[in-house]
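This is the structure I want to talk about, given as structure tokens.
In order of appearance the chains are A, B, C and D, and numbering begins at 1 in each one.
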Amino acid sequence: MIKAGIIGATGYAGAELVRILAGHREAEIKWYGSRSYIDKKYAQVYQNMFQIVDDTCMDDNMEELSKEVDVIFTATPQGLCASLVNDEILSRTKIIDLSADFRIKDVKVYEKWYGIHHPSAQYLKEAVYGLCEINRGDVKKARLIANPGCYPTCTTLSIYPLLKEGLIDPNTIIVDAKSGTSGAGRGAKTDNLFCEVNENMKAYGVATHRHTPEIEEQLSLAAGEHVLINFTPHLVPMNRGILITAYASLKKEVTYEEVKAIYDKYYENEKFVRVLEADACPQTKWVEGSNYVDVNFKIDPRTKRVIMMGAMDNLVKGAAGQAVQNMNLMFGLNESEGLDLVPMFP
Amino acid sequence: MIKAGIIGATGYAGAELVRILAGHREAEIKWYGSRSYIDKKYAQVYQNMFQIVDDTCMDDNMEELSKEVDVIFTATPQGLCASLVNDEILSRTKIIDLSADFRIKDVKVYEKWYGIHHPSAQYLKEAVYGLCEINRGDVKKARLIANPGCYPTCTTLSIYPLLKEGLIDPNTIIVDAKSGTSGAGRGAKTDNLFCEVNENMKAYGVATHRHTPEIEEQLSLAAGEHVLINFTPHLVPMNRGILITAYASLKKEVTYEEVKAIYDKYYENEKFVRVLEADACPQTKWVEGSNYVDVNFKIDPRTKRVIMMGAMDNLVKGAAGQAVQNMNLMFGLNESEGLDLVPMFP
Amino acid sequence: MIKAGIIGATGYAGAELVRILAGHREAEIKWYGSRSYIDKKYAQVYQNMFQIVDDTCMDDNMEELSKEVDVIFTATPQGLCASLVNDEILSRTKIIDLSADFRIKDVKVYEKWYGIHHPSAQYLKEAVYGLCEINRGDVKKARLIANPGCYPTCTTLSIYPLLKEGLIDPNTIIVDAKSGTSGAGRGAKTDNLFCEVNENMKAYGVATHRHTPEIEEQLSLAAGEHVLINFTPHLVPMNRGILITAYASLKKEVTYEEVKAIYDKYYENEKFVRVLEADACPQTKWVEGSNYVDVNFKIDPRTKRVIMMGAMDNLVKGAAGQAVQNMNLMFGLNESEGLDLVPMFP
Amino acid sequence: MIKAGIIGATGYAGAELVRILAGHREAEIKWYGSRSYIDKKYAQVYQNMFQIVDDTCMDDNMEELSKEVDVIFTATPQGLCASLVNDEILSRTKIIDLSADFRIKDVKVYEKWYGIHHPSAQYLKEAVYGLCEINRGDVKKARLIANPGCYPTCTTLSIYPLLKEGLIDPNTIIVDAKSGTSGAGRGAKTDNLFCEVNENMKAYGVATHRHTPEIEEQLSLAAGEHVLINFTPHLVPMNRGILITAYASLKKEVTYEEVKAIYDKYYENEKFVRVLEADACPQTKWVEGSNYVDVNFKIDPRTKRVIMMGAMDNLVKGAAGQAVQNMNLMFGLNESEGLDLVPMFP
């Protein structure tokens, strides 16, 4: 039985880790870290867990925690994990960091976009970007995982095959993304109040969103050249779900079958990436509560572009689910253990 | 491995049966009955099941179906199950009917409220009302289960202990219920369009809703006398969830502890009924996607009434989850097999 | 042109006053008070008012304000208006207080339910409870209006005729109310975040909600005797709208026509109270954005109770609209000036 | 007093015409046409209009209607207006067609994208594309107005200034649009049920949506060359609101101030187009219920693209509001008569 600790267990991503691990047969949570709710019953913070979780919230002492558990999930704002991690901790325990601290290899890029100093850049090289479908081999051997961001996961998986195979022009990629509100976290901000979000939508972080360089790094790796994109996230009145619509110019004329074959080449053996049937547009509701990413594409012969689409649950494949998938790989378990979550509809 | 067939697999309750049975380790679906979608891939009707269910929809031939499966779920409008069931079928297979056909023992009451003739009233006596927490013993021996309605399940479980123990005056019970829209089914009606339901709420079926006599029959059994209630359902802009708020006059002065002890007497060993802590009001989101009913109460010393509250997911404990719970009991399985569904929040 | 000042102009009720007064032909806002946003452009706080309102937020100096305007609206938490009002101010200007400070005549009841000391109880006698349909005559002569609460407005108007005419037993009244989330205000609280409210519902303040004594006082006045009720509010995932469902025992057998005639007697000349046609249940969407209250009733001959229903927009008739209606009466204007707001559907 | 008739008065756009004209001081509706509800009280179909509209629904006899009214609004599916209009009717009355019949000048393009024969292509030349801000002069003299589509209105107004001034490369334009569900109409389809739309989002009509050629025609006129775009609409769980996010490559380096000046050049005297302040992203809630289009832009110096954004209420500026704006111009009234609708928030 793998012993797991969560730092930041009372945020939405942390709570989703708790939900998923509650159904995992080979892991158990030993530490519910939450600075805001120390000594409070976890089930009083998340009452859905009443009579399921009996534990009490603890502080976020990573030092002590590392002595008690096999794996630590940090579901905290950027900067925290990087400020706590050290060699001793890493020698005792594995870390899966759900923040952005170790996702971007170039520390200057990280510091520029996040506006903070990186306190432990020496681990950037070791840290593995935990996009399992692409980096499975490295994940298995890792001590420190940078769990990918929600938008980067959905975007990269949607575009990767066509970029990797050289079908699209990297300089023409435009990503228009839409997200439910749980991605904004559980902080009490006016902008995230029900009445401000409901019956409303808007773009935000236009041309400046921090997931941009993370996506660009992954796409650059796929393309084998430096890629710049436009990435525009939007806030939509729903709890869960990310939908990305990506546009790129095709380098040559292709048929539906040719493009489909490329997607299948990469994903037909991937349990958690479903390439939909022709003309079926991904819908976030079809993946809600599950670890699936549904992807598909449409060729526009008029403009010689391809529209690539992806839908996933931002809290599962975009955060906690992918973190558990990484844990499974790191510990040699069945990759989908605990993740046989059937999407809930309606 | 129990072989199951579903008649009405493409309604919302049928689809929820599919979702739940997909995670059941001792049952498998052999027949996805759906008159509207015969020969269509089930996963094209419910695309959340893409790459999970590979089967094709079949017609609703109960005769033939009974030769192939161990248990039939009928998730269809009232009248259908009653018109198909016969001795031969019941000799071969168990039936769990999610419609109202066998819930009300008095055929005259059924025919009056539902406005249709009951074609097989001879099975009313045999049919067991499948409210597991109350009729567990009978369910285990049953061939034919009348799976309770959504409102009756939530209402009865919320009121039962106090009524059974004689704490409240049966003639003063008023039930004000609120439901998400999945309870209205998947039929294409103007009233259930997004724009008609969203940002809107209303009462409906005031003083005439068909669940009234079903609730009254169950409460009468608990009270040992004939009970008449007011029951008012409301439509609320959400997919899933039923919340009931019930009012009754207390027969004598009681303390919180006394009432709590009564609830605990009935439910402390019940996995799926959670009696919340003092002053915690049940919220539908805390049970979403799960088989739990959360109940609680509040004494009002000023008016000498008690307010009883219950929340559950209408598609799970109010339909498919309870049906699977009944199946588990009928086949001697662990009662919660396939039902270890952790509520999803947010 | 009436000069108006608003203290608390950046809460939801204050903002609704701004919206309504923007279309009022005989009043103009001279003071947008908002302690939190002093010196900030109002249209930067509520960007719907961009290019409509050019003013900047001011502090809440009632003394100074009273020298500049003819009427002051206080859309602030309880306690503020009562702590600022004095004879000098009242000699210069009229006040319409949207808080609870002057609604309850018995200061002991106020202090008990609100848990605060009333600093200016001497004005309680003078203050007029501004439920226009019932107290129109007094409103016209008032200097100080206690603008009714949202729940009390909808509840009182729904029940008043039958209680006043002695048709129902006052001791049996139970009010089950449901409200959209704007009633909870714009404060940044976790409980009011989109993800906590959306796809969720719950009762709150059970047996303890502060609108209870306000409703009881109004119903007592109608009944001519002291009335105790149960009042249970619920939070529902929508922005605007209050729906109340009230239950009471009929004192004698009555027909639909008799009850309808009583409602018509009180409301047929009331523009803002619409008694719906037989069997039409009020829906909040039918009154959204308008000053209407839609009411109707249903007799249940089985239980000898009547179910009374009312729907309105909590921010209009439940707050800002009624405040403007009061202002119109106080200044001798057409009662519906600025309030010809057609409900928006969908 | 202008006499108006509506064909299709019970669809969402027709109902919005009724709402807006109810507040118009110089027009009155004489004919509520609705084939589905002939002889039914209009206020029984849209109960928000109870005690506001007393009329009964009529059939859609344009011939007869043209003898009784000064202007006819056709808020019907494509094909209907084109099949009814003739010289005699146009000699008697003005027509504002909310369908697509007369929007696209090239009949072959219309017939290809809509898949139907155009029965009265002879009026295409005469019909004026009623985008008031751009074609004001022609609208004033028109007998027959092609009222623009919702997406084309929002898209064209957002892009027009930069395209007209030659700032962007027309061949790089990509339009990613999001719409609330009222745009899908009031037809009873499974896809538009509350439970299918709520908590869900999806792209639809990818590379094939019928508004594409309409947008392209308008952008081509602005650019002075033939423009091909990608246009991808998405369905979002809200009633009202369209948000468009458009991307294009800049032809040269420009500053914020230069681009802002161009937008101001076109819109500073336009009441209904609001160019927001720097960095404020348009939100649909800020224009809900009103005739405003909020636009803004963001330059991305990294990719040398500009992101143009626009938000509006699809039923107002995207349909009924713009139709009334056209009527006002055609009859020499104040352009904003009846359209001083303050956006409702929240």
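Going forward, contacts are C-beta pairs under 8 Å (C-beta built on N, C-alpha and C of every residue); 3 or more make two chains touch, one makes a residue touch a chain.
Keep in mind the model is a prediction, meaning the values are calculated, not measured.
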{"item": "Contacts common to subunit A and subunit C (chain labels)", "value": "B, D"}
{"item": "Result of counting contacting C-beta pairs for C-D and A-D, higher pair", "value": "A-D"}
{"item": "Gap in Å, rounded to a whole number, between the CA centres of subunit D and subunit C", "value": "36"}
{"item": "For subunit A paired with subunit D, centre-to-centre distance based on mean C-alpha positions, whole Å", "value": "38"}
{"item": "Multi-partner residues of subunit A (each touching 2 or more other chains)", "value": "12, 182, 195-196, 198-199, 237-240, 283, 285, 288, 346"}
{"item": "Of subunit B, residues touching subunit A in the complex", "value": "12, 15, 19, 22-23, 44, 46-52, 182, 199, 239-240, 274, 276-277, 280, 283, 285-290, 294, 340, 342-346"}
{"item": "Touch list for subunit D against partner subunit B, complex", "value": "12, 181-182, 186, 188-190, 192-199, 237-239"}
{"item": "Subunit A residues within the subunit D interface of the complex", "value": "174, 176, 178, 180, 195-196, 198-204, 206-207, 228-230, 232, 234, 236-241, 243, 245, 247, 281-285, 288, 298-300, 302-303, 305, 307, 309, 311, 346"}
